[in-house]
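Before anything else, here is the set of structures, which you'll find just below.
The two complexes that follow have chain A in common; it is paired with chain B in the first and with chain C in the second.
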Partner chain A sequence: MTARRLAVLLLLAFYAACLVFAPAGALPAHAALLPPSLAHPLGTDELGRDMLLALLQAGRSSLLVAGVTTAVALVLGLGAGVGAAIGPPLLDEVLMRLAEIVASLPVLLLAVLVAALFGGSAWNLALLLGLTRWPLLARILRAETQALLAREYLRAAWALGATPGHVALRHLVPNLAAPLLAGAGIVFGGAVLAEAALAFVGLGDPDAGSWGRMVAQGFAVMGLGWWVWLWPAAMLVLVSGLVAVAAAPPEQPASTPR
Partner chain B sequence: MIGLLVRRAAFGVVAVLAAASLAFLLAWHAPGGPVVGLAGESGAPGYLEEVAARYGLDRPGTEVWLGWMGHLLRGDFGTSWREQRPVVALILERLPLTLGLTISAAVLAALAGTVLGTMAAAGTARWPVALFSALHALPGYIVAQGLVLVFALWLGVLPVQGIADARDPAAGGVALLLERVRHLVLPVLALALHQLCFVALLVRAGVLAQMRLPYVTAAMARGRSRRAARWRHALPHALLPVASLTAARIGALLGGALVIEVAFALPGLGRLAVTAALARDHPVVIGTVVVACAIAWAANLLADLAAPLADPRLRRDAP
Partner chain C sequence: MPSRRLACLLAATLLAAPAAAQPRGGTAVIAVAGDPGHLNPAISTAGPLHAVAGSLFNGLVALDEAGTPQPDLAEGWIVAPDGLAVTFRLRPGVRWHDGRPFTAEDVQVGFDRLLLRHHARARAGLAPAIAAIETEGPLAVTFRLRRPHPALLRQLDVSEAPILPAHLFAGTDPVTNPANLRPVGTGPFRFDSHRRDDQVVLLRNADYFRPGLPRLDRLVFRIIPDANTQVNALLAGEVDMLARVAPPDAARLRGRGVTLTETRSAAGGSNCVMTLGFNLDRAVPGNAGLREALARGLDRQRMLDQVAFGQGRVAEAPIASGIAWAHQPGALATWSPDVADANRRLDAAELPRGGDGLRASLDIVHFPAFARWSEILRQQLAPLGIALRARMMDPAALAQTVFARRDFDLTLVSYCNGTDPEIGVRRMVHSAAIGNVPFSNAAGYRNAEVDAMFDRAASLQEDAARGAAYRAAQAILARDLPYLWLVETDFTAAWRDSFADFAPWTGQVAERAWRSR
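== the complex of A and B ==
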């Protein structure tokens, strides 16, 4: 639990730093490929941009994609999951079949298609990822809701004449916070990696920085300066690792009776 | 059982058509529209109309969509706009590599993950879990670059990219096979690592859970060593989730293969999709989406079929 909280806090701090300190607009050019020094703590890249500022800018666009994706997926997943659990059986069947179809879509391939046809703007990508990543959340939340519905206080609420809307908003959603957050973490991490993967392939947003593109370009000039590749690669590893820790299910203690 | 399979297969066809329709929708509504994407913006008056008529794009979108889906259902993927060759031929050229990459990675992940996971279940040490979790979080392309750095650039034992040695192409037979294998070692490793770690964590947890059950205690009371109890009794029960996970993740692996193919400059399905999408070659794009989706569904169907074979408890007629 503590490792988890620490990871969440680190992620928040980290993205907050990207939001606050990342300069807007194009970065000024210095001498190319300067090694790390006091003036440029992380060195400069092959075009003479300060690596630290470039990393922060890329972090901001990564946060934009992952944040919008998670928000869209959360709303859709929550609606579909809770709706399927408390709605009529037909709605449940339709929503879960839809979730199955959406979950089986080749998302990365469709993302490539969107990026190639509509331009790789961060909003397009976030929308596509959000619209295709909700089934995971819907499934988790449906199962949790069904478990909650069997609890006595909820049966009491029904018996007292509560409407489905009241039950969903007042009783279900607050109790779904934990699985909701865990699912959101998984979606968030997936979106960070998907954005970077797309940029790595060369289909990212050309106007926004991206760790994925920095990794691809840094690898090409690896022989001239290791720092151009290492920092963005470390960022990706760090963020995906932190998200993995933050979203990991709590391990059952060894003595849990079965 | 048969009825269930037929239902699942029919549902799979619906899902594949849904994916194809989504791809069509995106292609049709791309800025400029399909005709300009095909013919370019300049040209004599009447040229765009002529191109539209020749490719059957002068009808309303719904009509074109229905026509394309009908052809897809009959197995007709159409002709590539750019290369003027059947889409099926283009895909079949690229498919063996991607399929080989994906299946090798899936098998490697399942086998090595199972062995490592069972070994990790032996002690009480926490470091294997931390190691697997850390490696699991690494993105595939970073792994790819790291592997290239170590094995290709520093040690110089494996080729960096491509599937053939341009300076000294192997003629055929065993030499050709060896060359292919040498070129695919790093891509398969890079693609498999993520899933391998996941399988290892899954198997470790499964084996540990089984080891606490009375039948394992009974086996050890009869004189089985702890080690034998783990491998012979606990492991088989922990294997079913590995099989279903492997099948369920085939689609995700295909997506990962796309990135790995670009990282290693391999001429596979992913590269075909990327170049076709950039060239607005819509029949090819939709064809690759259909094939990728169909493979994922076929793998799931196979898993549904195999589960009762692997686990007697899942058979319909089981007591």
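== the complex of A and C ==
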């Protein structure tokens, strides 16, 4: 089994656990700041919440934010990237300049604005991240599409009278799957970290769990229990690492002719 | 003369103890959370500014640890029998840091041109009560009042009403006055230098009017915004004193060469009570049954232990226990925690559980700094079938949302009662205080009886008679529950064991401090 498959399996297993085992609503109170034990394998925090359940709850909202972000960015990035590559030069110009403008927006400041205007809910945050992360995907897909369009079999398809829709669906999308997956992995991992960073500075959804907020709260009681900040911090490292491994382009056999 | 009652308080305690026993000299480094900007405490109530400026200036009175007025720039004072005039006798021989003598004109100009116009708390709390300020010779000044204002003396210390030099401010625009950046005061320390976002240095005022004080040669206020960094700097010896330490940090500092002092007051606030306010204009929080159920359903002892880390007390009454003469012990005793009773009250209040077990979903508006309080409320309200949606916002946005637009169900506010209910309690319960003034009557509570009792207490002079009126009002408040008074939160200051006698309850924190080695 390759490292990539292992990473995918671990991620799937972890997120499945989050969806199945994380309770909805406020976690019940036990004794505060209990170190890890049999009853509470990861200990309890300063309000007596079980750290394991809190981690799973936060994992679920992290998955929600990163998943929605990635979906939004994929749709926009695919449309803009492929559209720019096969559309008229003017459309290419407009879409790519738009992508540059969006990519230069300060997400942190926008998140403050969105939280002030519409409330800092997880959905708003996911939409904001999705609407600002698609340029990365659009650029990758535009370059890949342009390279594909120069291939001879596609020139042959055009010559045989294929419609743009046929070319896009039958030839481009299947060949774009690998860069698409890699790009989606980058967006997903970035969204996990972005959500945590925003929650760490207090801009996340206060009603949803968040590893970033758990780290921030753990810092406030750092001297009283290492387990309060260590687990959520470790989760962030682990998940973004696994996502990076899972989304890496498949290794090619050394003999593949170039 | 039994028909004429004179209240006369004279200089007593502060000058009494000779200062010879403690060593002199040395530097103390004090951390402040932000750059003060300028150093004119009469035109701003910003925390970092007052943390520094409190050592440069004096008030007419000083407040001791219990909040009792003591002589400072005023040697003594006489309250007229009708309560409508207070005459202060000023301390002779006091000199400003530039050598000019301090006189009654400084007091008059300071109030008329600076404090009553530009200092937010003086403008809100003093200006409506003061009709005129008149000098009577160079060393006496009389405050003429529109109505008796028994809290006056407690609003005249260096944080609430610092006195600035008239010879530098008369006839100028105080906001652009260069003396804001090179302040001249009467205080125990004089200004030396200010490097923006780095530090402010003050030096010993050798001509200070209290002989032998201050004992330290130098005060350095180092600007360290992050609380964790402040604590680490204290442990590493880079900083000697933190005027305010968060509860979990205090727990971490215990037993590590640091003296921890808990007080009910700090510069700019005293007798603070973490309070849950209900928007009585809305149906669900306006439902008395819901408020009673919350009073029974919340475990406030647990909030004290887990959120305040034991620093403070469970609130026993609507007026904080630090104002002992007005506090009604046990006023909230009927509301002991009982989740089953809380659920019964919610059923009776026609707030049945829906299919998902929820009775109501309420929003709660608060500062981001109170996140842990709203987390524990969320945790404790879940078994009652009440879900919370937190809306965290900064002070300006919260003032708009809660007090101007009244767009909230619940709000968490730390209401500092001050040293007199007139200062910090009237504003949260009197019907005249409903409206667009930040941190006034958030609940929108109207009760003619309570209004009348507060008005009566304000018109009396003696603490005993006033206290009786306040206690009667508290019985009504504890029944009506426009607020839920959760926990009286204390302030904690920390300094290295090599120092002693800091006074964290006042703005003048280092007047008596000394260094042993």
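Assume the second predicted complex is superposed on the first by the 244 of 258 C-alpha atoms of A that agree within 3 Å, B and C clash if a C-alpha of one lies under 4 Å from a C-alpha of the other, contacts with A are read in each partner's own complex, and residues count from 1 in each chain.
Basically, contacts are C-beta pairs under 8 Å (C-beta built on N, C-alpha and C of every residue); 3 or more make two chains touch, one makes a residue touch a chain.
Predicted, not measured: the structure shown is a model, and the values here were computed from it.
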First, second, both or neither for A:Asp207, with chain B first and chain C second: second
Which of chain B and chain C A:Leu109 touches, first, second, both or neither: first
Touched partner set for A:Leu169, first chain B, second chain C, both or neither: neither
Touching partner for A:Gly48 - first (chain B), second (chain C), both, neither: second
Partner chain in contact with A:Gly25 - chain B first, chain C second, else both or neither: second
Chain B versus chain C as contact partner of A:Phe118, first or second or both or neither: first
Partner chain(s) touched by A:Leu9 [first = chain B, second = chain C, both, neither]: neither
Residue contacts on chain A - larger count, chain B or chain C: B
Touching partner for A:Phe219 - first (chain B), second (chain C), both, neither: both
Touching both chain C and chain B, counted on chain A across the two superposed complexes: 116, 119, 202, 219, 222
Complex interface listing, chain A residues touching chain C: 25-29, 32, 46-49, 116, 119-120, 202, 206-207, 217, 219-224
Residues of chain A defined as touching chain B within the complex: 97, 100-101, 104-110, 112-119, 193, 196-197, 200-203, 212, 215-216, 219, 222, 229, 233, 236-237, 240-241, 243-245, 248, 254, 258
Touching residues on chain C, where the partner in the complex is chain A: 228, 246, 248-249, 251-253, 302, 305-307, 368, 371-372, 374-376, 378-382, 387-393, 397
Chain B - residues contacting chain A, complex: 11, 14-15, 18-19, 22-23, 26-27, 30-31, 133-134, 136-142, 145, 149, 208-209, 212-213, 251, 254-256, 258-259, 262-263, 270, 273-274, 277-278, 280, 285, 288-289, 292-293, 296-297, 300
